[in-house]
Structure formats: C-alpha cells, structure tokens
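Step one of this worksheet: look at the structure below.
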Amino acid sequence: MTVFTVFFIIFLLTLMVITALAIVQTKNLFAAAMLSGIFSLMSAMIFFLLDAADVALTEAAVGAGISTVLFLGALALTAENERAGTAGRAAALAVVTVITAVLVYATFDMPRLGDPNAPAQLHVAPWYLEKTPEYIDVPNVVTAVLASFRGYDTLGETFVVFTAGIGVLFLLGKAPVGQPKVSPAMTFAGKTGLRHYQIPRVVGRLLIPFILLFALYVQFHGDYSPGGGFQAGVIVAASVVLYALLEGEEQARQALPAWLLRLMAATGPLIYGFTGVACMLLGGNFLDYSVLAHDPVHGQHYGILVIEAGVGVTVTGVLISIFHSFAARGAK
Amino acid sequence: MIYYAVIVAILVTMALALARALIGPTVYDRVLAVNMLGTKTVLLLAVAAFFIGRPDFLDLALTYALINFIGVLAVLEFFRVRAQRSLAEEKEGE
Amino acid sequence: MSVEAYHLAVLQVVVPLLSAPFVVLLRPRGLAWAAASAASAMAFAIAVSLTAGVLSGDEYRYAVGGWAAPYGIEIRVDALTSLLLLVVTGASLVALLAGRRSLDVDIDDARQPLFYGAWMLALAGLAGIVVSADAFNIFVFMEVSSLASYILIAAGPNRRALPATFKYLVMGTIGATFYLIGVGLIYMMTGTLNLADMAQRVHEVADQRPVLAAAGFIIVGLALKAAVFPLHAWLPNAYTYAPHAVTVFLAACATKVQIYVLLRFDFLVFQGNLPGHEFQFSHFLMPLALLAILLASGVAMMERNLKRLLAYSSVAQIGYIMLGVSLLSATGLSAGIIHIFNHALAKGALFLAVACLGMHIQGLRLGDLAGAAKRMPWTMAAFVIAGLSLIGIPGTAGFVSKWLLISAALAEGSLGIAVVAVVLIGSLMAVVYVWRVVEAAYFQSPQAGSPEGRHEAPPMLLVVTWAAVLGNVYFGLAPGLPIKLSQAAAASLLQHLP
Amino acid sequence: MEILELYNYWVFAILLMIGFYAVTAKLNLVKKLIGLSLFQSAVFLLYISMGPVEGGTAPIFHADVTGRVFSNPLPSVLILTAIVVGISTLALGLAIIVRIKEAYDSVEENEIRELDRQ
C-alpha cells in the first residue's frame, strides 16, 4: 500500500461518492441506471486495487452488465422519469445523520487499511492461505475457500440465484390483464432487435463465439485465475443478451427455448446438491469432496470442478430466463 | 515512473467523462460519457495490473471491454424501442 | 449416535432444499403439491427425530464439508434449535396440507410448480437459518428464505399483495444488510465467523467501538426482520394480502426464526462479553415490547379486516415474546421461548380457520362474516377455541406461556407488577378483538342475498384446522414437551452470562 | 497519512447512507431499488477493505509471484456471495415493479397508496 496507491484509491472513492449523489439527485431514471453502471465499474476498479480480483471481475459483470440490462428492460416497461419527489425528507435525513455518526465514530478504533496485524488477518485467513496447497492444491485460494472450505455458503448462493429465477418466472409468467398489448417490435429487443444496423451486427456476430470461448476459459480456469462458475454463467448470459440485441429476442428464444432454460436453472442446483449427497453416501460429510477419489486432494479437484459446473449451469439458465421474462413482457 | 504518469492521466480523463455524464444535458451525452468511462476503466485496469505487479490479471480487462460493448448496444436498443413507442403513440393521437 | 442420526442435522436443510428444483420441474396438475407435501412431511419427521435425540441427551454438531469450525461451516442442534425446527417444519406441513384447494383457486396450474418450489425454498431457508452456527451462513439462508417468501406473498390474489411485497422486500433487505454490516464489523475485530468462536474472541475487543456498533446493527437489523415494534410496518399488509395458506405458514414461523437468531447472537456473543450489554438489551427491548402489546392490540381492536386484525395481534404477540426475553431471567426466557411455540400453534390455528372461511366468504371484512357461524359451524367453533388460546384461557396452550410470563415478572419486584398489569390489559384487549369476530359470526344476521344453509370448508382443510386446534388444547393440558425444551434452551442461553 | 487509511470506511458510511436515504425518502419504486443496490454496494466496500495486507497481493498463487505475502481471501469469498444476493434481490424487485405498473399504472408510492384507499 504505497502512498500513491492510497491516493489513487481515495480519488476513485471520491468519484464514487459524487456519482452516488448524482444517482439520488437525478429525476431521469435512465440517467440513474447509467450512472449506477459507472458506479459499479469504479467500485470494481477499487476492489481490484484492494487485492480482490475475483470480486472485481464479478462486480463489473454483474453491476455494470447484468443490472444495467435489467434496469433498461424494466424501464422500457414502466416509466423513464420520476414523477413524485421525496416524502419524509427530514425524518430520513435525521436517521441518516445518526447512523453516519455512529459509523464514523466506530471507524476510529478500526484497524488501518492494509494493517498486517489486524484481527481479520490473524485467525482463520492465514490458515486458508497455508492449508490450501496441502488440502486442495489449487492456486486460487478464493476458489478453494468458496468451493470447498465454505462450499455450503456457495450452495446457498446457488439456491439464491435459483430462487430469484423462479420468482421472476412466477411473477412475469402470468399474462398481464387488461393491458394494451404492444407489437413485438416495440418490446425490448423484440422481433428484430438491432438487425438493421450493420456495423454492430457484423462485429457482434463475430464476437459471440469468442465470448463463449472466453466463458469456458473463465469457468474452467477459475482454479488458476480469477473466475469460476458464477462469472462464466454471467458471461454466457451476456453473450445470449448480445445475440438477442442483434437478432431480436425471438431468435434468441428459438436458439435456447424456455423449457431448456428452466431445465438448466433447475439442474444446476441439483448437480451441486447431489455432489454433496454423493460425498455423504461415500462415507464423508455433506460436501466433503475428499472421499470422491482415492486421493483426497484429487477428490477435492473433482468436487470443485463438478460444483462449479453446477453453478455455471444455474446462473446461465436463470439469467437468460430473467432477461427473456422482461424482454417479452407485454407483447402480443 | 511511466505508470504514475499514465494512471494520473487516465484518472483525469475519467473525471472529465464523469463530469459530462453528470451534466448531460442530452441522453446521448450521457451514453457517450458512460462508454468513454468504460473504456478508461479497461485501460486503467490494464495499467494497474502492471503497476501492482500482477500482469496475469489482464484477462479481467477483457471482461470489462466485453461488458462495456454489450451495455452500449443495450442502451441503443432501449432508445430504438422508445422511439418506436412514441411514434406509435403519436399515430394513435392523430 | 448412529451414522444416520449424525447426518440428520444437515439433512434437515438438504431435503427441502434439493426437493425444490424437482418440484419446479413437475408439470402435471397436483404433482408439485404432492411432492412438496411429501418433502415437507419428511422434514417434519427429521425434526421430530432430532428433538427426540436432543431430549435423550444427544448433541448434534456437524462439520459441513468435513472442515472443522472455525475454518469450515458448522451446524448444530440443541434444545432451542429443535423447538424452532418443530415449529418451522410443522407449520409448513400443516399449511401445505390445508392449503391445496385454496391455492388451486389462487394460482393457475402453469405457475403452481414455481410456487411450490418457492415454498420448499422458504422452508429450507428457515431451517438453514435455525441449524447454522456460522454468522455469515445465517445471512445466506436468510436471503434464500426471504426471497422465497416474497414470491409466496406476491402470489396473493388481490393486487395489493404487490406493493405489500415490495415494502417487505425493501425492509427485509435493509434488515438483512444491517445484519451483514454487524457481522462484518465483528469479523473485522475478531477474524472469525463462527458464533461460538466469536463469543470467545470478542471478549478481548469488547470495549472497541466497532464491536459496540456491530451489536447495534445486528439487533436493529434482526428486529426489523422480526417485526419488533416499531419496525413492524411491513408485516400487516404482507400477512393480509398473501394467500391464506402462505399466511398460515409465515405467521407461524417466519418472524420467530429471526427472533431466534437475535437470541442466539445476543446471548451467546454479546451478553457476558460486552460489559453492561444485558442491561442495555433489556432496557431497549422492554419498553418496545410493552408498547407493542398495548398499541398493536389497540389497532387490532379497531381493525375491520379479519386477516389484518390477526396480523396486528401477531405484532402484539411478538411483544410478549420479547417481553419474556427482556426479563433476562431463566423463567422469563423460557416464557418467551415457549410463547414462540404456543403462539405458532394458536395463530396457525386461527389463520387456518381464516382459510376455511375464505373458501366461501369473499373479502373477509368483519361485516362479511355476519351469520358465518350458521353456515360454517365447525370452522367458527375452531376459531373460538384457537381464539381462547390466543387470549390465554386456562386449558389452552396460550395459558401456559402467559402463566410463565406472569410468574417471571412477579419475581422482578415493583417493576414486575407494572409488567403483569400490561400483560393482563393486553389479554383483555385480545378478548375484545376476538369477541368482535365472534359477535359478527354468531350474533349478526346474515346480509340479505347471502346463501342459506350449511356450507362447510373442504374436509381436508377442516380436519387439519381441528388438528391444530386440538394441538392447542393438548399442549395446554400437557405442556411437558415445550416446557422441557424451553427450559433447557433458557438454561443454555443464560450459561454465558456472568 | 494514518488517518487517510480510514477513508475507505468513511466512504462506506457515506455511500451506505446515500443509498438508505434514497430507499426511505424517494417515492418512485425504481429509484428506491436503485438506492437499495447502492446501499448493498456500500457493504461490499466495507468487507473488501478488510482484505489487503501491506505489500501483499491477491491470494492467487502464480509462478511469477514469489516472495510476496498474500491478502485475505475470506472477504472476497463473502462478498462474491453478497453480490449474487444483491443481483437476485434486484431482479425480483424489478419484476414486482413491472407487475405493480401493470396493476396500478403507476410506479410512484404516493399514487399507489391513493389508489389503494379507494
């Protein structure tokens, strides 16, 4: 943590605060969505500087990518401008002031940024760094903790994604009542998308195979570099969104039909969960991959490979389903 | 030393792009500013990867570039849909 | 302990969790419901055998992934856990069995698999919170259960279910994020996420400001999720506009699980480590609990919508639970904990009776109930008995918790007298709001044009309702099991106090 | 210099409260959700700021990286989960807003309350 890095981070953080203020202040919701994309990119940059490369990758893909697309899809269906302003501003400001005061008061006893003697660096964390080569033997310690030491959390996380998927399908699966229906050309991506715009179309179509290849790399190279099932799933979903934008939502839906996406969304969690059950049947604890092969370290490798695949399948299926649910809403 | 200069330069351009995104005034200004900020982030990430001594993280920049590209196309599509809807509404109004 | 029994603790979560994706894929009509009920019954059976194990002195500690705590995530089951597990899995099973017909009406066939999938996720999430011994893991399962219950509530037939769900989503997320901030601050100061390990390590940094802030964030966040007065704003509409079966399920257990986390966290980690914290805890919660009892009961007395009346009564009942807890004595704690169980029984039975009424009466305002006792005598009889349990009449489950609560309060001296007075006033107010329903149903003549003759709810629903009502009577006359569990739970919570 | 190393936590507090303000005071439901995701992002900053060690590098072993200490992997793991939770909540919230818009033809809280009163 050189002085320069500290100032670098401080500068970016200040830009983030300005962006956040602008997000709250603007009445135009489209601008707010754009600015929150910027906000995500900047925070991803800060995470990168704070040695959290995996988080930087995910925050950029999720915050700047997927949530921007979701916001646009939802704004196309609702309204672009705020009509009413605020209510109970004084009360809100009072609560905000009190909580800020408590938090800032609390900071003065906090360990300084990068302090090697901070409690968080002394107890469990060194154990992970020390034991990962011995027990799991993958270079990316984040993956080791995520998939094995705290694999049960990640199982829960996969089910959170799955829950969101069935939630959106449930809520938007019911046809709107009494709504003036619009032609598919007027829904997000719709029938044609940007098909009549040659340059994006040519460039985009060239890109898609490479994006998919890159997604596979992120999926299977997650043991060695930042990445893993979740990030790969997001990238695959992004490529399908790109395809839908270029060729129209209907085309994308034909390429990957709804039943298949639903199957993927449900199969992924099952792959993860039944890996855990298999470990139990082979005499270990739930999610104890070391019983999956004769050599415990190999067992861990297999286990991590399989559950990361499960995560990837879930995230791909769920995110594409969610995109279609928003894009196709309200069409005839 | 060169890294310091590059990082400072990129940070300054980011601040300028952010100013444009905040001021607007038209949505196209904002879209352009967002796109530019995205590009600058890709560059900054690449430089920072060398600066902190982890050039093996360059593939993150690839993801950023990708997301930026798709994001801008999604925005354009949003405008196309909006324009078509307001056209249809005008027709109904006549 | 046999190998199978050893795995039961994790199977309690895994069975409902893994059944959810299967349920989502089942297309034919009714199959999703059957699968969900079967999985729910299995979860209940697991909870029963865990309770039996706890009563015979077993202690379940399970290292998920084979990694010992604090490096891995630990699951453990003790008396308090098993009591909560019985409530959660029992409520889910009862609500599913009772709700089949009414849910068929509310939710179209194509979306039923998704709905029941969400139900299983809500069950798995709640069970996951209860058995977990890891602060961050609790957050993950909290989110599984919350997201799933947003879906369940949004399934309500009235459009008002949607804004109600949105409010719940916003407030629930704020609560969960506050909890996450608290956990982060503690991790910053102790370097661990395992609750028991945290309890040991927090001692050295107990006077540090981040830890004090963490205690505040965790208590407020969980109080928000548990709808502790005055943070209950999301609850009445969410319970009112959810489908009836969902109300039965969530009213019986969702907020109680959050109270459970609050108790577990506060008694294990903070009290006994932070100097004077137990008094702050008690002085913070007791006035809120008293106000909750008085004000929420008052609103319930004025309310004209039956479900909302019962929802406000729930806010008041959460007040009784917190009141018992805030006395910080063994009797007080066991009174609070046993009320978790007894209130689930009483409120579950009441909402089941509401589900029966809802089969034939639209709207469910008190005015709509006029003459309901003639048309649905069995349903209204069930409602009356469950209502008596809610009030706390001797011979019902509600009496046991009120009795314990009053005896705990009397041990406190002059403050105790005031507390007892509030409990008695609250019970009288409960008499009033239950009476208003009874009056409408028994003594008002039906509106002109309403159908004549008997028209009872479907047999399955009625049988389940009466089973719950008889449960109220049974646990009122023979309260041995919940008393034993709650006393053991109170003792284990208090052992950390100096 | 010392004091500047707390800057991360101050920004966390400020961002948290900007988000909280938007959630509680704004009437537009989409704006509330944007505020909610700001609120959640602030927490990411709190956790990630606990990660780095002076002179350390990301906890990913690599042949080129020798003789350096590694930063704490645990906050990264926790925040990966939290990011996923955040996007899931956002997707569900937006779906509810779309349904509200269809049912009430408005996404402003005060107008919806007005319509419900009728």
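Each chain gets a letter, A, B, C and D, in the order it is written, and its residues are counted from 1.
Assume a residue touches a chain if its C-beta (ideal position, glycine included) is under 8 Å from a C-beta of that chain, and two chains touch if they have at least 3 such contacts.
Computed from a predicted structure; not experimentally measured.
Enquirer: Look at the interfaces C-D and B-D and say which one is made up of more C-beta pairs in contact.
Expert: Of C-D and B-D, it is C-D that has more C-beta pairs in contact.
Enquirer: Rounded to a whole Å, what is the gap between the Cα centroids of subunit C and subunit D?
Expert: Distance between chain centres, rounded to whole Å: 29 Å.
Enquirer: Could you put a whole-Å number on the gap between the CA centroids of subunit B and subunit D?
Expert: Spacing between the chain centres: roughly 20 Å.
Enquirer: For subunit B versus subunit C, what separation do you get between their C-alpha means, in angstrom?
Expert: Here subunit B and subunit C have centroids separated by 47 Å.
Enquirer: Please report how many Å separate the Cα centroid of subunit A from that of subunit D, as a whole number.
Expert: Those two chain centres are 12 Å apart.
Enquirer: Going through subunit A residue by residue, note those that touch at least 2 other chains and give them in order.
Expert: Expected reply: 53, 75, 103, 107-108, 110-111, 118, 120-121, 124-125, 128, 150, 153, 156-157, 160, 163-164, 167, 171, 225-226.
Enquirer: Scan subunit B for residues touching two or more other chains and write them down.
Expert: Within subunit B, residues 52, 54, 56-57 contact more than one other chain.
Enquirer: Which residues of subunit C are in contact with two or more other chains?
Expert: 136, 140, 143, 147, 150-151, 154, 185, 187-188, 193
Enquirer: Using the touch rule from the top of the page, what pairs of chains touch, sorted by label?
Expert: A-B, A-C, A-D, B-D, C-D
Enquirer: Touching subunit B in the complex: which residues of subunit D?
Expert: 57-58, 60, 62, 64-65, 68
Enquirer: State the interface residues of subunit A toward subunit C in the complex, per the touch definition above.
Expert: That would be residues 102-103, 105-111, 118-125, 127-128, 131, 148-153, 155-157, 159-160, 162-164, 166-167, 169-171, 173-174, 262-263, 265-267, 269-270, 273-274, 276-277, 280, 284-290 of subunit A.
Enquirer: What residues of subunit A sit close enough to touch subunit B in their complex?
Expert: Subunit A reaches subunit B through residues 4-5, 8, 11-12, 15, 18-19, 22, 28, 30-31, 34-35, 37-38, 41-42, 44-45, 48-49, 53, 56-57, 60-61, 64-65, 68-69, 72, 75-76, 80, 182, 185-190, 193-194, 197, 200, 204, 207, 211, 214, 217-218, 225-226, 231, 235, 238, 241-242, 245-246.
Enquirer: Okay, in this complex, where on subunit B does subunit D touch?
Expert: So the residues of subunit B touching subunit D come out as 52-57.
Enquirer: Which of the residues in subunit A end up touching subunit D in this complex?
Expert: Touch list, subunit A to subunit D: 1, 3, 6, 9-10, 13-14, 16-17, 20-21, 23-24, 29, 32-33, 36, 39-40, 43, 46-47, 50-55, 58-59, 62-63, 66-67, 70-71, 73-75, 77-79, 82-89, 91-93, 95-96, 99-100, 103-104, 107-108, 110-116, 118, 120-121, 124-125, 128-129, 133, 139-142, 144-146, 150, 153-154, 156-157, 160-161, 163-164, 167-168, 171-172, 176-177, 179, 224-226, 230, 322, 325-326, 329.
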